[in-house]
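Chain nomenclature is as follows: A, B, C and D, assigned in order of appearance, with residue numbering initiated at 1 for each chain independently.
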Amino acid sequence: MKKFKRIAIANRGEVAVRIIRACEEMGIETVLLHSDADINTRAYRIATKTICIGSAETTKSYLNIPANIEGALASGAEAIHPGFGFLSENADFADACDKAGIIFIGPSAKTIRELGDKVHCRELAKKAGLPLVPGYEGENQEVSHMLKEAENIGLPVIVKAAAGGGGRGMKLVSSMKEARELIESAQREALSSFGSSKVFIEKYLDHAKHIEFQIFGDSTGQVIHYFDRECSVQRRHQKIIEEATSPSLTDELRRQMGEAAVAIAQLGKYKGAGTVEFLLQDGKFYLLEVNTRLQVEHPVTEMVMGVDLVKAQILTAQGEFVFNSHQLRIPHGHSIECRIYAENPYLGGVPSTGKLGKVEWPEGPGRRYECGFDEGDEITPYYDSMIAKVIVWDESRSRAIQKMVYVLKDSVIFGVQTNIPYLIKILNHSEFVNGTMTTRFVETYFKDPIVLPELSEVEKRLVEKALQQSRGGLVGISPWQSFWRGI
Amino acid sequence: MKKFKRIAIANRGEVAVRIIRACEEMGIETVLLHSDADINTRAYRIATKTICIGSAETTKSYLNIPANIEGALASGAEAIHPGFGFLSENADFADACDKAGIIFIGPSAKTIRELGDKVHCRELAKKAGLPLVPGYEGENQEVSHMLKEAENIGLPVIVKAAAGGGGRGMKLVSSMKEARELIESAQREALSSFGSSKVFIEKYLDHAKHIEFQIFGDSTGQVIHYFDRECSVQRRHQKIIEEATSPSLTDELRRQMGEAAVAIAQLGKYKGAGTVEFLLQDGKFYLLEVNTRLQVEHPVTEMVMGVDLVKAQILTAQGEFVFNSHQLRIPHGHSIECRIYAENPYLGGVPSTGKLGKVEWPEGPGRRYECGFDEGDEITPYYDSMIAKVIVWDESRSRAIQKMVYVLKDSVIFGVQTNIPYLIKILNHSEFVNGTMTTRFVETYFKDPIVLPELSEVEKRLVEKALQQSRGGLVGISPWQSFWRGI
Amino acid sequence: MEIKIRHNGIDHKATVQVVKETLWVHYKGRTFAVEARASSRKSRKAGAGVSSDKVFAPMPGKVIKIFVNLGQEIEKGQAILVMEAMKMEYTLKAELSGKIAQIECCIEDQVVLGKMLVKIEPTAGSTAKSAG
Amino acid sequence: MEIKIRHNGIDHKATVQVVKETLWVHYKGRTFAVEARASSRKSRKAGAGVSSDKVFAPMPGKVIKIFVNLGQEIEKGQAILVMEAMKMEYTLKAELSGKIAQIECCIEDQVVLGKMLVKIEPTAGSTAKSAG
């Protein structure tokens, strides 16, 4: 057992802020290992120390193992928190940390290899008797071979990065005509995002729900779960809205799936925070994958379970986290998270970059904002476009939805377009309200960009007044001679 | 059962904001009934409608029953939420609402009279077999008579407003020499704060803890409790730091006190949110009083119990709140609240008024800020000096304390002095850390104003640089020729 | 900045700010942006992206694949090129049928927002849909 | 405003703001305020309140009780008057023994922060404690 004095953070944006806040409260200093493009971010401002480890390109900085290790060593950090994405599920990075005498905050390299690599994970799952989605996970990555495999499994199939997660490099193939282009594209994205072009193919369940269990292994090797989340609202296989607990599980299903999640985690000797993802269709569940890291959507679990997963990760790495066996683990109320993307919802979600103007997240009970940027910061095109997460908690799901809609409307983000109007439409959709949405919900109902509403009379008058004031009272120029700014 | 479209708020500051936020999320419009001194406050800015009901003096506005009723009627509100303080425990106000056809969000006027008036409450408690602190609650308010009663009970005694709460008009009498002046002073404060000079006298328990239970009566007449809070950290009988749950109760004591709290609330046919306050000394508890309203410290209960008491109040007033008997009520983790007062901690807490500069409450998981004012707002001398509340939640008490200290240090409030340095000293005191503090904790260890620390070299250099920049680079004037600003 | 107007006897409040020549407005739960530059007459209609006969870059990013050649006949809806930004790929498609008249980018080009990438000469009879 | 200085080779960052002639500084978890007016030579030492031989108003508020009369002999620690602000009463006490030399307020007066309320002529030998 060893208390950390200083932890390095091999990440950026809101998750870096999340980790720094936990460290601050625990009296631990932080070192942000950042790229040169991330000087104007909240994490940079609040970290105890900052070390620039490379240029904007992720392969030069956030994916660069030697640079991260060097930075951590130079700063005197005793441990590294990898956050999510980037190197968080990279076993080689965990090994490199070991070798350098730095504690990697996460499961062991061996566990990451066994559970995090989807191929090994599927083998382990078979041993544990967990149901799997039919698929191809072979070494032969020739596109022509992959095409044959896809045909064998039967369309629709999904192509996904073997080393990936979070929807990156995932493609849905519905017809053989487009199969070649999609497989190639998935391989390219896998390479640029995860450093390996390896992909595999899986039967696509076309009316399934995405249900996942938060698992945790304490310092003594005990593994438990902190109940479930539902993340069926996905666009291009990337989660947009997550909630805890799922509105779709019966007590019996919840029990079975929770037991399955713990079983596979135990087989992998899991330590720290992880997630076992399932697809649920027609009352049957299938193992999707295991994410051997903190999840983007971990806050909804924290809200309903009354836990702090990041602190638990750090305490586990210190060797002093042990479950209290007397404590009942029961979810309280309902929590929803919306991911705020800097993108133009009126153009189908193309990224929107630029300098942030005013950013206001209105305070209130049961509201939590995880944000990596403040007014004056620049949203650059180099990284994921998720700039913040809005999390709400309330006593019931319907109240949580109502609260989320209100909070999103009341939040102010100037300088970049965001998906907030899109999120509000989703939250108000009857399928979401009834909790019956599947992973195809978004592509079914929200395939097209949403329509930019015309300005009302009042809105036009507000614009006129604002422009007059900002021009120091210069009048006579109707803004309607200028044009809408689409991005 | 009737859904409200519009609720009037007969209050100000952070509690008005709290109520408006709850209404917004429920889709209910709000009408702020405010004094003319409260134009520059957050509640004024975010309410759907605002109606000025009188001048700054509380008797002309916030304590003026006809003005509040008129304002509510004029605005078309169907219900009034009284918040806490002001008219919240005034049975005449509840009656006036009834008469005007407006729903008073709180218990019935009859319940307020029976439980809220301390004299009636003690009678009811005797019926219910609840242990009481010895005291005098008679009608004879002649100071000479009160002096005799005080002598009979035996010093030390406490003098408190019959209609009051929250420490207002409470005085501790330790010697007969000062008794007359203190009784008179208590009567004056009672008159100015609650409109009645009636006070009563009670034996002072000199090493007691203040423990209270949050009770709630639903629309069907069922009464339950949402566990306990400890509020032993009091200065001049005003709470400063509160927490849920109390670190001082055994399971058995908690059960007994909870049952006693529910018993007296049931006798009073309690509807909505209320608090039963006890003193606990040497393992024995005594009923202190019942507060027939929302409590300032209600957020700590909300954090550990997973409830929203304000929404529950509104739903109860709508006649649609019914407890779910299947739901387990178990506290999760620990929550602490610090009241932020605009006062000078280096001068024993004299009020500090003025225009607010920068106000920054740093975001993070398990942090909640209830604040009534923003940058540019004026803190006026007319009202209570509590300008905000900082609430934290964490998995354990020790972690919650650590988090609170960090959060208080990281918060920025410019323009008025606050009690933050004082709070930090209290939070770090071993009695508080061990949870052994009594209601005399503050007067024992924090009687004297805290000492204003000398500026360090670095701080002096920061001041020099800041002054140079703010004067547009004008140099050569050492700020050490100017003087410390005490207030 | 907070502004207030009176319209038909009712007050309306909004939060507004000019950020880099764009006016941002938050009013009644909706945020929208308009060009603040008075002299701007240049049309940057809703959206860059594919607007009538030109394919614009809908975001800053990298061109990673071009499917068409100069002079090639294309169908409405046909993929023109692929851009990458923020680690995601976006396929830009033709909004009308015609012939590729101009290609203004190369593979691996970093392009700025709104750059015209490809121009299409419409087939007679194929009308450009208004991009509103 | 954020400012940064370098001291002994280490960077120190602080948040600062001038509000109404007072400079406010937040540095390493502590907020403090100093007079920003360069010309201010007037001593407003830590505290108003009772400072040596004068009783100042420690806050804006109302005088509700005066216990002393002009010329009256008083003891150190004796209550001089009661002020009310924010619904709380504050008793101001003498910091030294002496004779009331001046009374500059009446009951019910609204007084501003720092106003001199009562002046005491110290008894020979009674020294004013520094108010620091």
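Operating definition for what follows: contacts are C-beta pairs under 8 Å (C-beta built on N, C-alpha and C of every residue); 3 or more make two chains touch, one makes a residue touch a chain.
All values reported here derive from a predicted model rather than from experimental measurement.
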Whole-Å gap separating chain A and chain C, where each centre is the average of the chain's CA atoms: 28
Rounded Å distance between chain A and chain B, as computed from the means of their C-alpha atoms: 40
Where chain C and chain D are represented by their mean Cα positions, the distance between them in whole Å: 63
Approximate Å spacing (C-alpha centroids) for the pair chain B, chain C: 54
Per-residue overlap in chain B, given as positions that touch at least 2 other chains: 410
Touching two or more other chains - residues of chain D: none
Arrangement of touching chains [line / ring / star / complete / other]: line
Pairs of chains found to touch, sorted by chain label: A-B, A-C, B-D
Touching residues on chain C, where the partner in the complex is chain A: 1, 3, 5, 7, 12, 14-20, 22-38, 40-49, 58-61, 64, 82, 84-90, 113-114, 132
Contacting residues of chain A [partner chain B, same complex]: 18, 21-22, 24-27, 299, 302, 304-308, 311, 328, 330, 332-333, 361-366, 368-371, 393-395, 399, 402-403, 406-407, 410
Residues of chain A that touch chain C when the two form their complex: 58, 168, 185, 188-189, 192-193, 236, 344, 346-348, 350-358, 360, 381-385, 409-410, 412-415, 417-418, 420-421, 452-453, 455, 457-459, 461-463, 465-467, 469-471, 474, 477, 479, 481-487
